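Below you'll find the structure, written out as structure tokens, and then a few comments.
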Amino acid sequence: MEFCTFKHTARIEVRYAETDQMGIVHHSVYAVWFEQARTEFFREAGASYAQMEAEGFSSPVLELNVQYKSPTHYGDFVDIETTMEKVDRLRVRFHYKAFVDGKLCTTGTTLHCMLKNGRPSRDLPESFNKFEFVKE
Amino acid sequence: MEFCTFKHTARIEVRYAETDQMGIVHHSVYAVWFEQARTEFFREAGASYAQMEAEGFSSPVLELNVQYKSPTHYGDFVDIETTMEKVDRLRVRFHYKAFVDGKLCTTGTTLHCMLKNGRPSRDLPESFNKFEFVKE
Amino acid sequence: MEFCTFKHTARIEVRYAETDQMGIVHHSVYAVWFEQARTEFFREAGASYAQMEAEGFSSPVLELNVQYKSPTHYGDFVDIETTMEKVDRLRVRFHYKAFVDGKLCTTGTTLHCMLKNGRPSRDLPESFNKFEFVKE
Amino acid sequence: MEFCTFKHTARIEVRYAETDQMGIVHHSVYAVWFEQARTEFFREAGASYAQMEAEGFSSPVLELNVQYKSPTHYGDFVDIETTMEKVDRLRVRFHYKAFVDGKLCTTGTTLHCMLKNGRPSRDLPESFNKFEFVKE
């Protein structure tokens, strides 16, 4: 597998609205956090996703996988470590690990294709040139 | 005040994800339910909001007011009674009453303007001709 | 694999709030719809999940997997076909297929354990006796 | 009106999932942001809301009012200025102003009562003693 040499950890505070009546963060929320972690991943790498969209690119999610190991709670700060894998010329997969106080709570992946003006594109956004990939 | 003669009651089942750790529906959810009640209001009157958007109209929310009288819970079916008030040529206000088993739980209003292609418009969607208004 | 003989199809109308700026339903929403489909699955089988919680049972999600084949839109009615697989004495997996106008849009699964008063339990809720399982 | 001498500004980054197909942040999201701003207001004042809940207090929302002046977008950082008004011995009202790049986008208020173990309480959480109020 080819992984990007850049990694990022986003810190997200649990919002009250994200809890459910079990007293824990609802399982659907992690997909929203992962997306926020991707936004920060791009920005920290100097490659704004908002700008990529303005250039006609979009990167819809093809697959989502989440493994819930232990719950997170209102009051927690969740650290989400994000890495990017190049699957092939048309697809990338992001890998996420969510920690609270250093304890791994949740892992997940999202698989994305790259569209330009709504069509599959081998033509990557210019800012992707910033990323280097290495075999792992 | 001029009210539309058409009224509609939408039935919405509380979703687990809509609860919070107080064990009740989170207060932000009612705005989503009110919007779903508006969607049904238009459809039942024969005036699809999706079609209005396709014709270039949009109807953004200018103000939202909600009064929470008693909470709603997972397992509840919530009946939302919706009426439309004509405020002036450019603005309409929707009024909502949410009931569970006939008991009034929540009331609210949303104020909207009408935009055509992103600009304020006195030109209403054709389907609005279906609505009659009476002074109350 | 052992599958429950009971199946259910839930019809869900896309809410405006569920769309994102790509003009499609946001990918995190499907987990919420799947949960609503489970709620209906239990109710239609005569086994209320709200009552199961009242008896001290809960059924947290251990894993979520979603495959997005084609997007859904505001204005769509989404039919979610739900089946339940018995994985072992402690875990069940739900399988979902989401259709719009008969076209398969999204598939997914959720893996659950059964807790009684917060601890893993082999003791199933009484209403689970209603379910029959067959090898497939 | 009696206002708390403490004020706080929370910075919130717009999440992609918070946009809708109009390409702007959905109007229901502001209630979630306001709540996050309250959480930070309490924490910065040394009065954790999570701890208040652990002591048996809760502070449900009785009323929500939002005025939308201009939309916010994915890519924006929203600064929410929060102040607390003492309405009477049983109720407080929070006032919010949301800015993007110094431009006022949205204003709002939430009215809250204070419950102890689910009943109206004149008995405020100990951490409330930290707050001073002045007539304005």
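Labels for the chains are A, B, C and D, by order of writing; each one numbers its residues from 1.
The definition used in the following text is that a contact is a pair of C-beta atoms (placed from the backbone, for glycine too) under 8 Å apart; a residue touches a chain by one contact, two chains touch by 3 or more.
On a predicted model such as this, the values are computed, not experimentally measured, just so you know.
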Q) Comparing residue numbers, which of B-D, A-D or C-D shares more than half of the contact pairs of B-C? A) A-D
Q: Looking only at C-beta pairs in contact, point me to the busier pair out of A-B and A-C.
A: A-C
Q: Would you mind pulling out the distance in Å between where the CA atoms of chain A average out and where those of chain C do?
A: 24
(Q) Taking the mean of the CA coordinates per chain, how far is chain A from chain D in Å? (A) 29
Q) Using CA atom averages as chain centres, what separation in Å is found between chain A and chain B? A) 34
Q: Identify all positions of chain A at which a residue touches two or more other chains, and write them in rising order.
A: 16-17, 21-22, 24, 28, 31-32, 35, 53, 74
Q | Interface residues, chain A side, partner chain C - complex | A | 21-22, 24, 27-29, 31-32, 35, 53, 58, 60-68, 71
**Q.** Residue numbers on chain A that touch chain D, as the complex places them
**A.** 13, 15-17, 31-32, 35-36, 39, 48-50, 53, 74-75
Q | In the complex with chain D, residue positions of chain C that touch it | A | 16-17, 19-24, 26, 28, 74
